[in-house]
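What follows is a set of notes on a single structure, which appears directly below.
Per-chain numbering from 1; labels A, B and C assigned in written order.
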C-alpha cells in the first residue's frame, strides 16, 4: 500500500512541477491536497492512468500486481468468504498492518474459548497426575494378578509328584483287579471244562448252568473264608483284650 | 464425525452436571472450572473452514494487546523459517556421517563430476523391468567424457574380469553402465576427489 | 576414385556444419513405431487380443479370484496382528547416521536445541501428521559413529540411542505433540501466515503418558532428579563416563527445554507472529492470558 501511495504522490509532484512551469502557482497548496487536484481535472487522471498502464509491462491484473508487490490484492471484498474472520486473519498474517485488518481478530472470541475449554474437558477428562496414578494402579493390579497366579502354580507344582503317584497307584490297582477277575473267570471256565471233559461252547445252556453253580460254590467258599477270617480276628482281639486285662491289674 | 462429537459432548454435559467435575486438560498445579454456561452452548468442533468462519464485522471482542517490534524472541522465529537455499558445508576435520567432501585436486583432472545441490555425488542406479535390468548412471560429467568412459571400463574390467557395457551420452553428459556398479563407481569417484 | 571424392566432400560439409545440439537433432529413422492396431472392416479384426473371454475383453479377474471357489487366500484362517494399525500412533524412523549426516552437512545448527521442526526443515525426514505420524523415532543405526554433542527433542527413542547421545555429552528428551501442534511444527511459516495465535500443546493420551513420564525414556514430564539418576545408571550400564554438563560451556543451551504447553522454542502460546512486519503481538487481555496459561 505504501509504495502505491508513494508512487502516486511522486507522480502528482511531477505533474505539479509541470503545472508550476506553466502557471507559476504556489506549489505548497498543491502539495497539501494533491488528491483534490487530481480529481479536479479529468485530463490529468486519464493521463496518469495511461502512464500507469504503460508502466505495467508485466501485463498483470491490478490484484496480481498488488500480490506481487506484497500488498493485499483488493480493498473491496469480491466474495462472501472475503468477509470472514479466517480470510481477514490471513490478510493480516500475509500483508501485515498495511492490510488494515484489526489484529484483535487473530485471537479466538470468548465463545470460541468457552467451546475450546469444553471440548478439552471432554477430550482430556483427567489430569496428568490422575492418568499416571491410574496407570500405576493398573500396572500394580496386573503385577499382583501375575504374582497370584505364580504362587498358585508353585503350590500346585509342589503337590504334583504326590498326585502323579496317586494316579499311578490307582491305575495299577484297577489293572490288578481286572487281572484277578480275569484269572478267576478263566479258572472257572477251566473247571467247568474239566467237569464235562470236553470243550463246551460258553454259550451253551449246560455250560451256563454249570458256571452259575460253580460261581455259587465259589461265593459260598469265599463267604466261608470271610467268616473264618472274621472269627479269627475276633478271637485274636479277644485274646489281646484278655492279655490287656491281665496286664493292667499288675500295674 | 460431527454427530459423534456432538453426542459425546452431550454425554459429557450430563456427566459434568452430575458430578461437577473440574476441567482437566491442565498441568496439575493449574485447574480451572468449567464455565456455568457450558451446558447451554451448542458444542461442535470447528475445523478451519471459510463456510464455518463468522463474518469479521460480527465480532464484538476487542482484545487488549501489545505490538512488540524487533522483539528479542525474533531469533526463535528466524530459526523456524525454511532454508532459501541449501546451506553450504562448512569444512571440518572429520565427517563421521559418511559424507565425503570433494577434493581440490579433482579440478586438475581432464574430466570432472560435479556434486548435486545436496552435495551428493550424482551416481545412481536405475532399475527397469521389475529390477531385471539394472543400470548405473553417472550424471553431471564435465570435460573429456570419453576418457572417463575408458577409465571406468578399464577399472571394472580389471576388477570383475569381464567385459562391461557402457553407453556415453555426450550431449546430456552422462554415462550409463550396464549392471549394478554403484558402490564401485562411488568409491572410485570419491578416490578421485569428486 | 568416386567414393573418395564423396568422402572428402562429405567431410568438408561436416566441417562447415554446426555442432550437434538439441535444436538440430531428430530421432533415428525407424525408432518410432507407427500404430499397429489396424482399423476398418477387416484391417482390425481382433487386434491381437485373441478370441472370447477375459483375454479378448480385457476384463481380467481380480487377483486371487477363483471363479466362485472359496479363494485360497481366504481358505486359510487369519490372525489379525495388524488389526487397527491405521488407528495407532506411528513414529517414522530417523537413524543416528542420518542425524550425523545432517549435522555434518550443516543442515541443522547444533548451537541451538534441535526439535522436530528443525529436523523436518532439513528435508532429510519425510513427515505427514495427517497419516497418523506422531513424530520422530530416533533409531540406533549408526550408533557407534555418532559424535555430535546436541540437545535434541524427539518423540521416541530406544535405550541405545539415549546412551549414544549422552555419551557425547548431549541431552535427549522425548516429548509428545498432538497432531495439531505437529502440523504447526511441520510448516511454521505457513502457520504464521494464517495470522492465528499460537495454540497450546495438548497433554498426551492415557496410553502414552506412561512413556512420557518415565525417566528411563527421558520423558518431558518426568522428574528431573530421576532423570539425572537414570543418566548415571545408563552410563554405568553401557560403561562410559558421563560428561558433566554443569562444567560445559554450552550449559545454557543444553538446559533449554520447552514448556509442556509450548510448541515452538521461545514462543509462548497466545502470541501472534507477523512475518511481514517482523513483530510479535502479545495479548494483554486477562481472559486470553488465563486461557493460554491453562
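Methods note: contacts are C-beta pairs under 8 Å (C-beta built on N, C-alpha and C of every residue); 3 or more make two chains touch, one makes a residue touch a chain.
Quantities reported herein were computed from a predicted structural model and do not represent experimental measurements.
Enquirer: Write down the chain pair with more C-beta contact pairs when B-C is set against A-C.
Expert: Between the chain pairs B-C and A-C, B-C carries more contacts.
Enquirer: If I average the CA coordinates per chain, which chain comes out farthest from subunit B?
Expert: A
Enquirer: Can you tell me which chain is nearest the middle of the complex, judged by mean CA position?
Expert: So the chain sitting closest to the middle is C.
Enquirer: Can you compute the centre-to-centre distance for subunit A and subunit B, using the mean CA position of each chain? Integer Å is fine.
Expert: So the centre of subunit A lies 31 Å away from the centre of subunit B.
Enquirer: Provide the C-alpha centroid distance between subunit B and subunit C, rounded to the nearest whole angstrom.
Expert: So the centre of subunit B lies 6 Å away from the centre of subunit C.
Enquirer: Could you put a whole-Å number on the gap between the CA centroids of subunit A and subunit C?
Expert: Taking the average C-alpha coordinate of subunit A and of subunit C, the gap between them is 25 Å.
Enquirer: Return the residues of subunit A touching two or more other chains; collapse runs of consecutive numbers into ranges.
Expert: Within subunit A, residues 88, 101, 103, 107, 110, 117, 120, 123-124, 126-128 contact more than one other chain.
Enquirer: So which stretches of subunit B touch two or more other chains?
Expert: Answer for subunit B, listing residues that touch two or more other chains: 23, 25-27, 32, 63, 65, 67.
Enquirer: Quick check on subunit C: which residues sit in contact with 2+ other chains?
Expert: If we look for residues of subunit C contacting two or more partner chains, we find 192, 202-203, 272, 275, 277, 281, 283, 285, 288, 294.
Enquirer: Which residues of subunit C touch subunit B in the complex?
Expert: 20-22, 25, 97-107, 109, 112, 117-118, 121, 142, 145-147, 187-189, 192, 202-203, 260-261, 264-267, 272-273, 275, 277-285, 288, 290, 293-294
Enquirer: Spell out the part of subunit C that touches subunit A in their complex, as residue ranges.
Expert: 192-197, 202-204, 206, 209-210, 213, 221, 270, 272, 274-277, 281, 283, 285, 287-288, 291, 294
Enquirer: Which stretch or stretches of subunit A touch subunit C in the complex?
Expert: 70, 88-98, 101, 103, 106-108, 110, 113, 116-117, 120, 123-124, 126-128, 131-132, 134-135, 139
Enquirer: Please name which positions on subunit A make contact with subunit B in the complex.
Expert: The touching residues are 81, 83-88, 101-105, 107, 109-112, 114-115, 117-130.
Enquirer: Residue numbers of subunit B touching subunit C in their complex, please.
Expert: For this pair, the touching residues of subunit B are 23, 25-27, 30, 32, 63-71, 73-77, 79-83, 86-90, 92, 95-99, 119, 171.
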